[in-house]
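Have a look at this one.
By letter and in written order, the chains are A, B and C; residue numbering begins at 1 in each of them.
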């Protein structure tokens, strides 16, 4: 039982990373109408930037806000410069651009920092806590809290601020938003910026556990895509819940289902994508009408 | 004018898409009134075919070996062209289907001692069926779901190869002492010469079949599917089944390329079929020109020779990454500035230069 | 005196197909002009060309702003409201959020009156207040039309384009709609360009009428004159002009 609980808890903490990445993917899907294949690579790049900032002597208290700002500017810039030209060219061209971004970002990261796996110190220290029979590392607790706060802030921006209302309006009905004086182009860029910032926190939190390398988020991308599929691409909350579920499910499966362990954990998200699309393509929280063709 | 990946779906009616010889293999029905000397594209293909037959006797076996690799990749890219350029669907996982073909053929030859032609046919069937299965869930909602599933396949495939090491040899993969594709002794050809000639024939057959497919009745339905799925549906096209059929055919063609590629190399390793390989194939398809069959050859040559060129210039340690960066940049530049790809652009120029004399 | 909206030789279309062939038109301050015409005459295209959602050439200026060279969102911020055909509802947002989007896009000078205007809107359309927590997509057609009008009004436009507000509404709802339109000018001090097929009802509300046919202006006259011209109605306005809806309004 303790074992089961421990596995569930650690599934939840890794699930938070997938949840944040899934949230980023859902944000871009809702605004721009495409999957962003490069979301994981953006997060990896952000983790390297955080690593570089911290090795340069910046305290973690500063690294996090600087990272968020840098990632936001990066995401918004990518939208303006590289996505905008094909904005009206249909889903195929958009998706192909994100494939190019995946290839390009991965290459740039590898060229700058090399392909070796580095160990990145945890911003939260190495202490370990015991609650009852359960064990928590400071990294898991602190990282989990950071991701959680990030997602809550992001959710609050969307739910309660005028900016969030405008962003949702553009996602819901861009033509009508334009008639109300909302610049859809600006909102799409802001959406990419927010997505990149949320993903950056996911990368930062994942790196100390998984080891920093250009492949940091390659698997996480698949898990996050499964999370978004499960929760529904049209729902921010769904993406987050989907991320937690995927984290727990793949952790439990690798522990209790014979044959599924190590790398093969990835079969779980793959199966989730496959089954959800077959059974309920709009996902758990999605509205059928908003699934884009 | 040739439509292309980054023009809005529905912008160009189906009937305007093909003339002008921009689709590199000309359509007999459309150009029959044109005298042969005014059909530069037909000339070019004939010349290319002849050069293909002569090439083995002009260049070294090492260079031939590379060229053979271009042709095996070109087969997969041609399959991708059918899917992307004609049907308007994406696959970010054709590298996995190529790899599936390679592994199937290698396992059949190595473990079960099958004759290589049979192994290749079986690999084609396996990849086709796999594509069909992957396509099934994508039917529920068209568009992005195929992208979603295929990138998932691309990511999972190498892991499965590592996992089922009893069958696949795990990380070291499968190797044969030499390629089983060898000429009969009496022909007096080296294996490289024979393999290249074989691939020239296979590529020709594949391109002709795909060309005829996309200009025939099925092709018209596929065109309707890309230009306006809703209208296609209202005209009685079973959109789901057609998508599945096209994806199946495209996967089978990729498997053919993979099977021949694997057997020529006499080696398959999981690392060769990573997600990045899949995306590189996508890059080849778009950069070459997804609506031109010549684009498949150009795109394949691009992704086979570029890493060599780059390694020669800057050494091999970071050569792979620089190549990847160039693929990404080429992909973006093509999407922005040359949406019909390199071959599509050349086709347009050719079309313009041959149309002018008709007016005067 | 220069009019608020001045349009001269305006052309617009979709791809290679032209839908407007040189439209001339003015709307003065505080004036209501009805654009009449059968289905496909080009009413919607004209309104879209003015709000910048369809590419247009020629002259169109709103208080000096060149509408043919300005992006849609800038035109909206310059004081042009557009209640589009199909109502443009943000179906995934609540009714209240739809309303707030209107408030958000009003000019800075009008922020102070936001609360008063909102109260006024909820007095005019009580149903919107009752249903403010519901998803806007759940509203009926008539309610969505009211919502669209509310959204546009709360942005405090100087000129409001309204595209076939009675389309698809039951006769009684449609009559309500025209009753509201007739009070707009007094309550919101704005000018209106109203596209309608229902000539009889809209000419009661309007000062002037402009009749379109196949993308051209075929008649411009004071509303009363147009309403009396039976031959014009028969020639260009089709059957909708004499439908029972027109009578009840």
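Quick notes
FYI, a residue touches a chain if its C-beta (ideal position, glycine included) is under 8 Å from a C-beta of that chain, and two chains touch if they have at least 3 such contacts.
As the structure is a computational prediction, the values presented were derived from the model and not from experiment.
Of all chain pairs, the one linked by the largest number of contacting C-beta pairs is A-B. Set against the C-alpha centre of chain B, every other chain centre is closer than that of C. Located most centrally within the structure is A, per distance between chain CA means and the overall CA mean. Inter-chain centre distance (chain A to chain B, centres taken as mean C-alpha positions): 32 Å. Mean C-alpha position of chain B lies 53 Å from that of chain C. Annotation: 43 Å between the Cα-based centres of chain A and chain C. Touching chain B in their complex are the following residues of chain A: 34-35, 37, 82, 85-86, 88-93, 95-97, 99-104, 106-108, 110-111, 218-219, 221-222, 225-226, 229, 263-264, 266-267, 269-270, 273-275, 277-278, 281, 291-293. Contact residues on chain B toward chain A in their complex (touch as defined above): 5-9, 84, 88-90, 92, 136-138, 140-145, 147-149, 151-153, 155-156, 159-160, 162-163, 229, 275-276, 279-280, 282-283, 286, 318, 321-322, 324-325, 327-329, 331-332, 335-336, 339. Residues 162, 165-166, 168-169, 171-173, 175-184, 234, 287, 289-290 of chain A are the ones touching chain C in the complex. Against chain A, the residues of chain C that register as touching in their complex are 51-53, 71-74, 76-77, 81-82, 84, 88-93, 97, 100-102, 104-105, 151-152, 155.
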